[in-house]
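The same subunit A turns up in both complexes below, where it pairs with subunit B and then with subunit C.
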Partner chain A sequence: MKIFFGKREVEARPGDTIAAALYRSGQRIFSRSFKYHRPRGLVCAAGKCPNCMMNVDGVPNVRTCITPVIDGMKVKGQNAFPSLEHDGLSATQYLDRLMPVGWYYKIFTSRTAWHAVEPFIRRMAGLGEPPAVAAGEYEHGWLHCDVAIVGAGYAGMTAALEASERGSKVTLIDDQSEPGGQLLYRKRSRSGADGLIERLKARSEIRVLQGSYCFGLYEGNLLGVVQPAQRPGTAERLLHVRAGHVVVATGAYETPLVFPNNDLPGVMLATAAQRLMHLFGLQPGRRAVIIGADEDRVGELRDDFREKGTEVVAVVSIEDVVGATGGSEVTGLRCRNRKFSCDLIVVCGPRVPDAGLIAQAGGKLEWNQLQGAFVPTALPHNVSVVGDAAGETISAAFPPPAAGKRSFVCFCSDVSSKDLCDGVAEGFDHIETLKRYTTSTMGPCQGRMCQLMTIGICAQETGRSIADTGVTTSRPPNPSVTLGALAGNSHHPVRRTPLHDAHEELGAVWLDMGDWKRPRYYRTAVATPEKESVQGEYWAVRERAGLIDVSTLGKLDVRGSDAGRLLDKVYTHHFSDLRPGRARYALMCDEAGVILDDGTISRLGDDRYFVTTTTGNLDFVYQWLEWHLAETSWDVRVTNVTGGFGAMNIAGPKARDVLKKLTDCDLSPTAFPYMACRQAEVSGARSLLLRVGFVGETGWEVHCPAEAAEFVWGELLEAGREFGIRPFGIEAQRLLRLEKRHLIVGVDTDALSTPYEADMGWAVKLDKQDFTGKAALAKFASAPPRERLVGFALPGTNVPEDGCAVVVDGKLAGRVTSSRYSPVKQMAIGLAWVRPEKAREGASIGIRQSGRLVPASVTLRPFYDPEGTRLRT
Partner chain B sequence: MSFLLRCPHCGERSVYEYRFGGEVKQRPPLDAPEEEWANYRYYCADAAGVQTEWWFHRDGCRQWLQAVRNTVSNEVVETILAGKTAGAR
Partner chain C sequence: MLIQRSALFYCHQRAGAHFVTHHGWQMPDVFSSLDEEVALVTSGVGIADVSYRIKYDTRIQPAGPGWSLGFGHFLVVSEPPLDPPEGATDVTSVYADLLMAGPFSREVLGKLSSLNLSNESLPNLSCVQGSVAHVHTILRREDLGSMPAFHLLVSREYAESVWQIILQSGREFQANPFGMKALQSLRG
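== the complex of A and B ==
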């Protein structure tokens, strides 16, 4: 296997992580630090520190030490100019006196100065570049289990086997590529662990997610887990794991010791050296110095190094260390009385229980002086913690950190122990304020490398105990998560009407309405401008016939002996007295008397109504009806039949002639008057015909089974061809209805509009016993209105935009909600909310349009066919 | 917020399957004073503790239910199918 590292080809072995392959090839510098661009090498080799983060196949900040190699991967260093080996910006570390902790707050006190330098600082500091394109389709998945165990070390595997053997459905989540934890790289770690890994692997009932990290434990035992890509072409997958019980078995991790130049490549944690040796067969260095006091631990390391042929030059205690030496790699360690030459410094740091998940889920961590660790003391409901994460085997003496400007505590954002001391001296002496001021513990490692030392320094500098200093608040994510994984895939659902393909063929230009796609207008030729198309469609409806797809209307089938009673209760008009075969305009208000929705209600039989709602409000209306039913024992069933029916409105003076060709139903004005409904066959499709008049012409809404809709639509167009029928879109419909002064709920009304003010008082029947909104509406009926919705017209072709201000006597006095150029009036018309005193025929108002005040006159009558004779014909 | 809510029809489900419908309140009589109506329309008790609420199982059975929930801990004490009880609203 090969990977490409910059311009270099690097050989990789099966089982290698990216970092392991690079280390074997001699690479020691893995990144450049955030602020000073200091060279950084492997520190934890376990995915806990920020040092190995690289760009892999375009994805920034990949933890290469735990990412398995895939043949042909392209790997690049980050935040280095020009390269990891030679980064010119590393000179910034010698300017450190100019950049003390919080320096940008101190130096750039003027906004102008900050804005001038901010882009440079941003470029110079930081992590990887965000990718221009996603690495693939990020996915989300959901998983349910009885027991979820985080961490597949000794404790996690034992817990998984026990739970599984007791019959629980178990999911085991582990961020390494193989289960085993320390057992894989520490020979002395456990007795009694023999065969555990094999037993786990043999138990197929346990679902084991390797290479997957858990970044959060949320309410209701929801775990956020990121899995590596599952299929070619996809990126990471975010699993929402819901578990009856969560076992945190995340173990403990080693943290670095603080001494001058402790960040040089070649200074690594003891566990990191062991990982390199036992997981990847690497020799971490030739001459090693061990910093550590625990004899057992040192003995264990000596054995490992002997086996690998690494000479252990010396074992020293941290108290004796003066500092590491070296340029881009470590070359030696200076101690109080001696100096050692070496290429590897192995640090036996304090081990910290990895209890971040517990803390962020509401558990409590408390300092245990005996153990030298923060250990969980209170656990969230249905969560347990086992093994090292519970502090089982931890017993680390806490070494006093040495202050120094090259003694790094936080590798993520280059915070030294001196910076922390300075921070405390400047008054940020609470652990939470010190954290925010210095940004220590706030980088990609989420405090795992630096939290303990930061607390230690804060305690030391303030003279408080560690227990009193306390621990910073843990929040998800822990560790850092790819934003793409959180976002998931970019799929947005789209709803298409059953006539979608027919519109496409007719040259529809689409308009998105919620999830729906609707034709805005139809292009008769490729180059036809919108205005011309809309005008053509408009005149077809006014003079001949037009056909529009209204399948997106919400359609509810309401039946049962109490159906009329329900509709009486939630709509403002009477419906229980509606005769079968008749339809009525329906207006719905809330208890405050505000208009919620409108539509038509047709009575198809004694116990059966057909309700239409506006396109966007279907779900709301359905829920509203169901809510009103919830505490009753009424005999009503509400069924959403929207998707089951295709619907189209045929309108125009020739509409009757067209429709007549396709149905036996008597369409004459006397047999089928305005606001009547009939069930009949249209071109053989069982349909519901509704005689309504939104656009102001003779017309029918044809509701037919969705599967027949395309056929019926085609038949209607074919039958209408001799009359010059045209399909029309939303734009023409909006113009046509505006000429009739028909309002659209949510466009011409808002969250304060009442029927009386919107000139719809006729649709409210206060003589009903009770209905939703009656108390408020009864008041509004007699109270003077605050404003009124009126029509307005102004000469010329200059159409004010929706939302323009209405100005009277130099004062704001309302707003325009809809406006269009009316071909029949040959002037601009529209609807506007105005003060009540202006709501009279011919009153003059001003409309502010692109900075100018244009005079307009008010009208209370429809602009077109005010008597409504055309739609009743 | 990611607690589970037991739907009497569908069983225990993520709260994201539901639409919250507010506190269960008693609708005032038609001739109640304006203040009482205003309270009903615009105000809620917003208890820090146990309260009864409306929830609509949008991604499930599409029915309304009432949940007795502790607003501090999000512990759902009880869920009942709102309905078919005699209560007038």
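== the complex of A and C ==
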């Protein structure tokens, strides 16, 4: 296998991670540090530290030490100018006097200064470039199990086998490519673990997610898990794992020691050296110095190095260390008495229980002086912690950190022990404020490498104990997650009416209304501009016939002996006295008398009503009705039948002539008057006909079964051809209704509008017994209104935009809610909220339009057919 | 003559379906070939449109296999012809009925829904409601022999969206639509 590293081709072996392949090829510098651009090499080789992050196939910040090689991968370094080996910006470390801890709070005190340098700082202190295109298709998934175990080390595997043998459904989540944890690279840990890995692999009931990391443990035992790409073309998959019980077996990780130049490439953790040797067959260096005091541990390392042919030059204790030497790689270690020449410094650092998930879930971490670690004490319900994560085998004295500006505590953001001491001296002596001020523990490693040392230094400098200093808060994600994985796929549900493809065929230009797609207008020839198309559709309705798809209207089937009673309660008009075969305008208000929704209600039978709602409020109205029913024992059933009906409104002086060709229903004005409803067949489809008139012409709403809607639509257009029928869209409909001064709830009304102010007092029947909003409405009926919704007209073709201010006597006095150019009036018309004193016929108001004040006159009557004769003929 | 089409008619047409009139509805009979469709379902996952089935919403415990939607609230779904009883609300047109079948159908649904579809939580012939691909769905397990199969009832206007998302999410299992012929063959 091969990968491409910059311009270099690098051979890789099966089982290699990217970092292992690069290390074998001689690569020692893996990244440049965030602030000073110091060279950085492998430190943990376990995905815990920030040092190996690179750009892989366009994705930044990939932890290459745990990412398996795929043939042909393109890998490059990041945040280095021009290259990882030679980074000119590393000169910044010699300017460190100018960049003390918290330097930009101190230097950039004026806004202009900050804005001037911000782009440079952002570029210099980057963490890679965001990808130009998504790495592939991100997916989400859900998984349910009895027991979820995080970490497949000795403790995790044992727990998984035990739980599975007891009959539980087990999911085991592990961030390495093979189960085993330290059994795979530490020989001495293997006693008593014989055959454990094989037993786990043999037990197929256990679902093992390798290469997957758990970044969060949330309420109700929900685990956020990121799985690597499952197939070509896809990116990571985020799994929501819901478990009855969670076992945290994340183990412990080793952390660095603090001494001058402890960040040089070639200084690595003992576990990292062991990983390189045992997992990938690498020789980490030729001449090694071990810093460590534990004899067992040092003996183990000596054995490993002997096997690999690495000479152990010396074993020293941290107290004796003066500092590492070297430029781009380590060349030696200076101790108090002597100096050693070496190319590898192996650090046996303190081991820290990986208990971040416990803390996230609400567990407590307490300092245990004997173990030298924060260990979980109070565990959340149904969460347990086993193995090293519980602090079982941890015993380490706290190692003294060396002071110095090149003794790094936080590798993520180049925070040295001196910076932390300075932070405390400046008064940030609480661990949480020190964290925020220095940004230590806030980098991509999420404090894993530096938390313990930061707390130790804070304790030392303030003279408090570590227990009193406390631990910084651990939050998800732990570790970092890509935004793509969190966002998941771009599935967005779309609602299509049964006539969608028919509209497409007719050249519909679409308008998104919530999730719905509706034709805004129809393009008759490709070049026809919107204005002409809309005018054409408008005149067809006014002079001949038009057909519009209104299937998006909410439709509810309300039945039962108490159906009328329910509608009387939630709507402002009477409905229990509505005769079967009649329809009525319906207005819904809340307890405060504010308009919630409107529509029509038709009575289809003694115990059956058909309710329409506005497109956007269906779900709300349905729940509102159900909510009002919940406290009663009434015989009412409300069924949402919106999707079941295709609905179309045929309107215009010729509408009757068109429709009667397709139905036996008597459509004459006397047999089928305005605001009546009939059930009849239209083109053979059982339909409900409603004679309503939103657009102000003779017209019917035809509601037919959705599966037949396309057929009926086609038949209507065909039958209307001889009369010049045209399909019309939302834009023409909005213009037509505006000429009739019909309001649209939510467009012309807002969260404060009441029926009386909106000139809809006629739809409120205060003589009804009780209904929602009655008390408030009764008050409004007699009180002077705060403002009124009126019509306005202004000469010319300049149409004010929705939301334009109404100005009277130089003061703001209202706002425009809808406005269009009226072809019949040949002037701009609209609806506006104005002060009550201006709500009279002919009153003059000013409308501010593009900075100019334009005079307009108020009207309280419809602009078109004010008597409504066209509607009723 | 009245033409009745499911919400997915044009979807099927674009996928090259050959149509057949089934109880008055134009339904896809075959997409590629009977054998190929059956093979894809039995080895991976397939999805069929059975929206023509009669559905009604009722508060009276039905005699046959009802889908329980809540306390005293049932949905009855049946092959036509069937006249809904007095008092029931006919919702045949309201819901598109998508049948997902195949050994990997649970895996595909697991990518689109947080519902627990395990054997213990959703035994055969039981019903659950929740969100699938961000759309409210009534889901009922109706295994075809030993092969897991799920009916997904979504409001008709969402059908095309859900259909496409299922096919897209099922690509790794070679998800494909199957027609009435393959369905009859799978039902045995």
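In the analysis below, the second predicted complex is superposed on the first by the 872 of 873 C-alpha atoms of A that agree within 3 Å, B and C clash if a C-alpha of one lies under 4 Å from a C-alpha of the other, contacts with A are read in each partner's own complex, and residues count from 1 in each chain.
Assume contacts are C-beta pairs under 8 Å (C-beta built on N, C-alpha and C of every residue); 3 or more make two chains touch, one makes a residue touch a chain.
This is a predicted model, so every value here is computed, not measured.
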Partner chain in contact with A:R637 - subunit B first, subunit C second, else both or neither: second
Contacts of A:W713 with subunit B and subunit C, given as first, second, both or neither: neither
Touching partner for A:D557 - first (subunit B), second (subunit C), both, neither: second
Contacts of A:R495 with subunit B and subunit C, given as first, second, both or neither: second
Which of subunit B and subunit C A:F575 touches, first, second, both or neither: neither
Touching partner for A:Y253 - first (subunit B), second (subunit C), both, neither: neither
Which superposed partner A:S683 touches (first subunit B, second subunit C, both, neither): second
Touch count on subunit A, higher of subunit B and subunit C: C
Overlap of subunit C and subunit B interfaces on subunit A (superposed complexes): 242
Touching residues (chain side subunit B, partner subunit A) in the complex: 1-4, 14-15, 19, 21, 27-28, 30, 32, 34, 37, 40-42, 54, 56, 58, 62-64, 74, 82-89
Contact footprint of subunit A on subunit C as seen in their complex: 1-7, 9-10, 25, 51, 57, 59, 87, 89, 91-96, 110-116, 118, 121, 133-135, 155-158, 160-162, 165, 168-169, 172
Touch list for subunit A against partner subunit C, complex: 139-144, 169, 230-231, 240, 242, 489, 491-498, 500-501, 516, 551, 557, 559, 637, 639-645, 683-685, 705-708, 710-711
Of all residues in subunit A, those that touch subunit B in their complex: 218-220, 222, 242, 590-592, 619, 622-623, 626-633, 770, 774-776, 779
